[in-house]
Structures are given as C-alpha cells and as structure tokens.
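First the structure, in the form of structure tokens, and then the observations on it.
Chain nomenclature is as follows: A, B and C, assigned in order of appearance, with residue numbering initiated at 1 for each chain independently.
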Amino acid sequence: MTLLVRGPLSELLDFVRRDRLSGAGAILLATLVLLCLFGPWLPLGDPEEIGIGPRLSVPASGWLLGTDELGRSVLPRIVDGLRSTFLLAGTAVVLTGLFGTLIGLVAAYAGGFVDMTIMRLVDILFAFPPLLLGILIAAALGPGGTSAILAIALITLPLFVRVVRAVALSVAARSYVIAAEVSGAGFLRVILVHLLPNVLGAVIIQLTYALSIGMLVESELSFLGLGVQPPDASLGSLLRLGSVYLTIAPWLVFPAGLLLATAILSVNLLGDGLRDMIDPLRGRPLR
Amino acid sequence: MNPPVVHLDSVGVTYQSRRLRDSGTIAAVSGVTLAIERGQTLGLVGESGSGKTTLGKLCLGMIRPTQGTVQLNGQPFPRHRRELKGRLAVVLQHPEWALNPRLRVGISVAEPLSIARSLPSGKVDATVEDMLSKVGLEPVLARRYPHELSGGQRQRLAIARALITHPQFVVFDEAVSALDVSIQSQVLNLIKDLQASEGFAALFISHDIAVTRYVAHTIGVMYQGELVEQAPASTFYLKPKHPYSRALRLTLAEEDRAAFTFKDTTGSESARGCLFSVRCPWAVDRCFADKPGLRDVEGSRSACHRAEEVGAA
Amino acid sequence: MSSLLDVRDLVVVYNTPRGTVLALDGVSVGLNAGETLGIVGESGSGKSTLGLAIGRLMPQNAYRLSGDLVVNGHSVFKGDDENLRILRRDALGFIFQNPMAALDPTMRVGRQLTRAVGRRAAPEKVFSLLSSVGLTETERVFHSFPHELSGGMAQRVAIAIAIARRPQLIVADEPTASLDAWLRDQVLELLLSMCRATGAALVLLSHDLHMVSRHCRHVAVMYGGRIVEYGERETVFHRQAHPYTRALLRAAPGAEGPHGRLNPIRGVPPILMERSTCCAFASRCDWAVNQCLDERPEARWLDERSVICHRAETLLAGASGT
C-alpha cells in the first residue's frame, strides 16, 4: 500500500531485493521493452529488406537467427514482431484498464439497478470464448490492428470491472467514506477522492494479468491472420509463417515462440510479486 | 421553546428478507420515539443486532424510515445532503479506516469544509490547525499520512473532522470501542470536554454500559429494534426500570446474576407479548399475552408491565 | 515449584519490514496444575505473543532470542515437530477472541467436535460434551453449521472443542471480547467451571483488569513486553505496587462517581525495537524519577508480589504522583 507514497525507484529496488523471482521478471520485462524501443537503432539489420541472404538460411554471421522464405533476417523481424505485440496488447489493456476501472467504480457505488445491469453485461462478455469474440470483431471491422485492440480490450474488460467492483465495495464500507457521505459528499467526490485511489493497487495487479492475456490473444489473432497485416509482423504472424517451414527451417518458429513465452512469463512473474506486495483484498491494516 | 435538534416520532425501518427460505420482512427498528436536545448526549446501549446502528443512520438521514418521521430542528431532512452544510457528522469504530490512507490527514480533516464550501479557502488551513490543537494534536501532524499515526491519534483526527464545521448533531458509533483502556479514557474525556465547549447534541452508541454512562446524560436501551427504556444516566445506573437493563448492568453489579441464565431463544420470541418475556426472570402471564408500551415511570420511560417492581428491587 | 507451565526469561522478536520489534522482553512466569492465571495488558504489551508462545503458535516472522518455555517438562522450542504436535493435541487447549474464526465454516459442529474428541468417538460422548458447556438443544447444535449459531453459542462450542481431550492447560485470549455484555460473565464462569471440573489450569489473557481479578487467582500485568507486576489477585488488585497497574484501574470507566472524571494515562504504549535500557513506562508515569530513565528496573519480590519498578516502595507507602 506504500507503493504510491515512496519514491518509485527506491520502491522498485526494494522490491527486487525482497522478491528475487519477481524481481527477475521485472528486469526481464524491462529489458524486452527497452529492446523494442531501441530496436531500430541497434545493429540488428533491416527487418523488411528482402534478400539480405539466401532464402531459409541457417543462422550465420550476417543473419544471426537465420533468414526466412524471402531471405529476410529473422532477428530484426522478431524484435519488430515483439514491438507490435507489446504495442497492440499494451494499448488495449491501458484503454480497458481506464474504462474498466471507471465502470467498476460506478457499479460498486451506484448499486441497485445500475450495478445489476453492468454486471450482467460483463457476465455476457465473459461468457464469450475469447477467440470467437476476436473473430467476430475481425469479421465486422475487417482484420487489422484496430480490431485486434478492440478484441483484446473487450476480452480483458471483465477482469477489471469485477475486481475493481469487489474492492470498491469493501472500500465504500470504510469509515472515511461513510463520514464523507454524512458530510454531504456527492457521487463524484466519493468515487474520485475516496474510492479510485484506494483501488489503484488492485488495478495495477490486474494490468499485468490483462497484459499477459492480451499478448496471448493478439498472437492468436495474428496467427489466424486476423491481427496485423503484412508487411508488418507480430510474433503471432511470424509463428504462422514459420509453422509452414517447421520441418525444414525450425529457426523461424522457435525464436519467436520462445520470445513470446519469455515476455508473458516475465509479465506474470511481475504480477505475482506485485500481488504479494499490494494485495488489497488481504485487508492488511496500515501501520 | 426551540425544537429538539433531532426528533424521531414512532420511527420504524423494515427490510425485505434476502434469505431463500423465509421471504418476510425484518424489522430493524420499530416504534422508536425520542428527542435529543442541544448540548445533550443520548447514550444508546444494547446487544449486537439490536438496531443501535440503524437508529444512528436514521438520525443522520442516511436511511429513510419506512414508518414515522425523523426531524432535524423541527424540519424534515432536505432533499440533498449538501444542503445540510455540515450540520451533521459521525465518528465510527475502526481507527484503521478512519482516514483515507491516500490523503494527508490535514486534507481529510478539512473535507467537510470543502464539501460545504462554507469557508473561503484561505482560512481552511488555519481552521484545521486550530481544530487539531482542540483535539490535543500537534498542528504539524496535518502533513502526515494516516499510516504514520497511532490508533488513538487517528480517532482524534476523526473527531476533528467531525467537529470542523461546528455541527449541531454528532453520532459516535462505537467510537472508542477499538481503543485500549489508557487511550480510550483520553478520547472519552476529549469527547466530554468538546461537547461542553461546542454544545452539539450527540448520540453515543456503544455496547459498553460503563463507557456510555460516563459520557451520556440520558441512556436509552435497545432490545430487538425497540427502545425498552430511556432514563437519566444517574438513575439508570442505580435503579434500572426494565429487566433487560438490569441484565445489561450485571457486569457492573454482582447481585442477582443467578437470575439470568443463558437461554437459546432464537426463533422462539413471543408473538403477541413482550419481546423480552422468554428471557425474562420477572415475566408473568400478562407479559406473554400483552405487549407493553413505553410509559413514564418515576422520571424514566420503560416498556415493562412490572417497571415499578423492577425499579424498586 | 511451577510444574505445569514454566516461562524463563523469554525474549521473542518479530521481524518486520521496518526492522525487528521486541514482543517479549524477558518474561518469567509459572503456573501449577489446576491454577488460574490472568494476564492483563493493552494491545502491543506482548500478552498475545506470550499466549501463542505456549503452543509455539506465533506467526512465521517471530523468533525466540533467548529464554525458554516449558510445558509439562517439555520445552516447546527445543522438541521436534512431532512432540510439539502431541503436546498441542493432548496437553493444550486454545480459545480465541472470535469463535466464528475458530470454527470451520464448511463443517457441521458435530463433525468438528467428533474430530476434536478423537476419530472413533461415540456420538453420545459429543452430546454430553455439548450439554456440559450449557447448550440445551444439543441435537440442533450438533447438526448446525457455525454460522447458524449465535456468538455465545459458538464460543461455547469453541470451549467444548478446547476441553474435548481434557488438556492440562487452557489458554484463552480475550474469550469474551466478541460477546455481548450480558453473556460475558456467563461464558467466563462456564470456562472456569469446566477448568475446575477437568482439573485444567487456565491462562486468561485480557485487557480488563477488573474482569481478570474477579476470575483468576493469580494476576500478571504486562507492559512493554515484560510482566511488570505479578501476584495473587487481592495483592495486585487492592495494593498495587506498580504505577501502570494503578493507572489502568483508574483509567477504566465504571468505577468513577456520578460527576467524576476518568484519569487517562498520558502518551501511547511504546513499540520496542530493542531491549529497553530504562523503564518502558517512565515517559507516561506520574511517579518517574531520574533513576527510572537511567536504569532498567529488574523484577524483585516486594510485599507478596513480584514487581518491576524502582518506585514500588513509594507507591505502597501511599504517596500520590508528582
């Protein structure tokens, strides 16, 4: 609960020291994000330059992870793909985190009919198989980044609404909220001043879970050809292309798959650590 | 003559039962009539589930009665709570949740002022500092966060927040129950002193008779949603006029403890007669058949057919 | 002397993110079979840690620095886990503040009791146990889930579970705090009569000095992780030799006159980070002199009680505070 009170850097260092596994996750994730951000400036090669080497070549000095069926270097392509995956999943999760938190707060504090309506709609959303929802949206809007973002956002929305509502309900029963109501505090004041800051811990934890789900869904959609479109690549679309040549050029599939698994693992490790640190449902009194 | 600050007239609250098996209504409070004057404290005692907290919420207008009326200064409650402009306040039990952990305590204490917008913003800081010294805290504490403070300090801050708009009526709902004995007495003295200087009317809800007797001028006893006795604090302690009040007092007085033995009474309440009759060692045939109403008995009000005999015993 | 329970200079600390916190600062106390000991203290005084230490039930971040705690000749800190388990099962009974938390909400009361008595126990034995704790509708209680019981009934069931195997020592930590006022004395009386009937010794932990001295033969007052005063109840209750004992009695409402005022203890209880080098109560004490700030008082025997205070003689002589 002290997460937002102390300096973020000292908090992070403390966190890495206390919880080695989650600290490793945090460092891994930071490395991957930095790799994506500065990838274009690193001497990895051009991801879209055709014929940089022979087609489907084994790894060699000019193309460290081999080449694909058009003779493009695999290494810059999977860095590029990771960036797309991060970008699409990240955008979607931030959007849905914002709206999901607000919807959850309103449901918890308004109660009654509003609460029931919101929660039943969320239940319906939750009942859809994620991939089916993604295919439906891609069919309606056409395949591409936007529909992937929309699909991820809708799939992860229930995660936020449900958790935020549950935490907000317990916060709303606390003395300071009741005292504010007795003084005549309105709906917006209670939600923004008293509820929102006290559910943020839960939101941060959900963000990491939603991000790992989002990356997985994005890869699935791209694997099916419903996500980013060529010549752009994401890890999912790289996996699909690589799977065609699995038996003759396994270096197309394995690096991309390994990178995806590593990224999701690092996000989950970080999430577990954060959860241990600021689990709001544990109700630890502040001292 | 001024109307009382808070006036309840045969007030009742019934809830729809949520249980699957019985679909009836549950009366949390029924037929309560009472008034609290300026500068007076009504202490409310009773076991858990007796409707004390519901009665507190009724007095604050947080829930509306299903029967009867609640009046503030002779007027019904305004439609919007904001119009109350800080005339009401509450102090609750749990010190650990008394203040928003994300706000500096000075901002928490000033919150009723910013809601009522009754003070130009330049004066708020000085008012908060003044209020902190009134509750016996250093003004510099205003810049701290709640987790840096002790339970007693947080409860003092909750009192400061409640009194910063100079309310006419304050509800203390188990306000000292979670505090240790040595801290509890500090806070009780503080509440008593502040009432003497500020002159607000107060409803002091507690399960602890000794604590209630110390701060209250009048004591009301709740049993299963009904007010069964109301008496001045001094005579209540010496001569309770309801058998249930006697039972509550047993932790203070040693005598006739044997008369009250434990009975499992769940679900066996007398339908027509006095609610307490099944547990009552004084009960006679009339008590099972005829429900007693609250009546004046030697300066107190008691809902018991045998109030005179109980008081004389 | 103390054959059943023997605590010798026990020091227990908690490891917290903000450093170590001292919970017990050298506690020595003993108890004979069949006796009753009341331990009084405010939150943070260490009484709950002491109660938990009797069964080595402290949280994971607590550990013993020095001293020992011996139950029935067996040290709870030195034996292996299996011996400790057998000790907990056969010699100790625990009763906590909230009976609802002590009972398993998913299991009917009868099954929980049967487990406590022993797997092959006959139902009649469980029924007689239920009626021995004053429950009348034993059949209904037997088939109830804990949430279907009232607080008073649930605490009676918890007592029944604690005494099921006829332990030699029962530790009750605020057993009546969650109950309504008019049930408290009844439940305490029941607990004491069960102890008398089974010959068990009782350690009763409470913040209420009045209540403890009504029910327990020996009283120990804890402050800052130490037992500052210990003796028979008449001695401690009526002739207090420690300023804290006296202040506690005067601070509690209930004894003051119609227009009297409470005399609160100023300041707040300390949180000790290391063994104190002075008297932990000195900063809140009306009797404190320079010696109290300079020198750590040690336990000594004075007028039939053990007391940790430099000024105990002055208090007993009847002087008022400065």
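Rule of thumb we're sticking to: contacts are C-beta pairs under 8 Å (C-beta built on N, C-alpha and C of every residue); 3 or more make two chains touch, one makes a residue touch a chain.
Everything numeric in this text was worked out from a predicted model, so none of it was measured.
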Arrangement of touching chains [line / ring / star / complete / other]: line
Chain of greatest Cα-centre distance to chain B: A
Whole-Å separation of chain centres (CA-atom averages), chain A against chain C: 51
Separation of mean Cα positions, chain C and chain B [Å, integer]: 31
Centre-of-Cα separation between chain B and chain A, whole angstrom: 49
Residues of chain C whose C-beta touches two or more other chains: none
Per-residue overlap in chain B, given as positions that touch at least 2 other chains: none
Of chain B, residues touching chain C in the complex: 47-48, 150, 152-153, 180-186, 188-189, 207-211, 213-214, 234, 247-248, 250-252, 257, 260-264, 266
Footprint of chain B on chain C - complex, ascending: 42-43, 134-137, 150-153, 180-186, 207-208, 247-248, 251-254, 256, 258, 261-266, 268-269, 284
Complex contacts: residues of chain B adjacent to chain A: 60, 62, 80-86, 88-94, 96-103, 108, 111-112, 115-116, 145-147, 158, 161-162, 165, 171
Interface residues, chain A side, partner chain B - complex: 1-2, 4-5, 174-176, 178-186, 189, 193-194, 197-198, 285-287
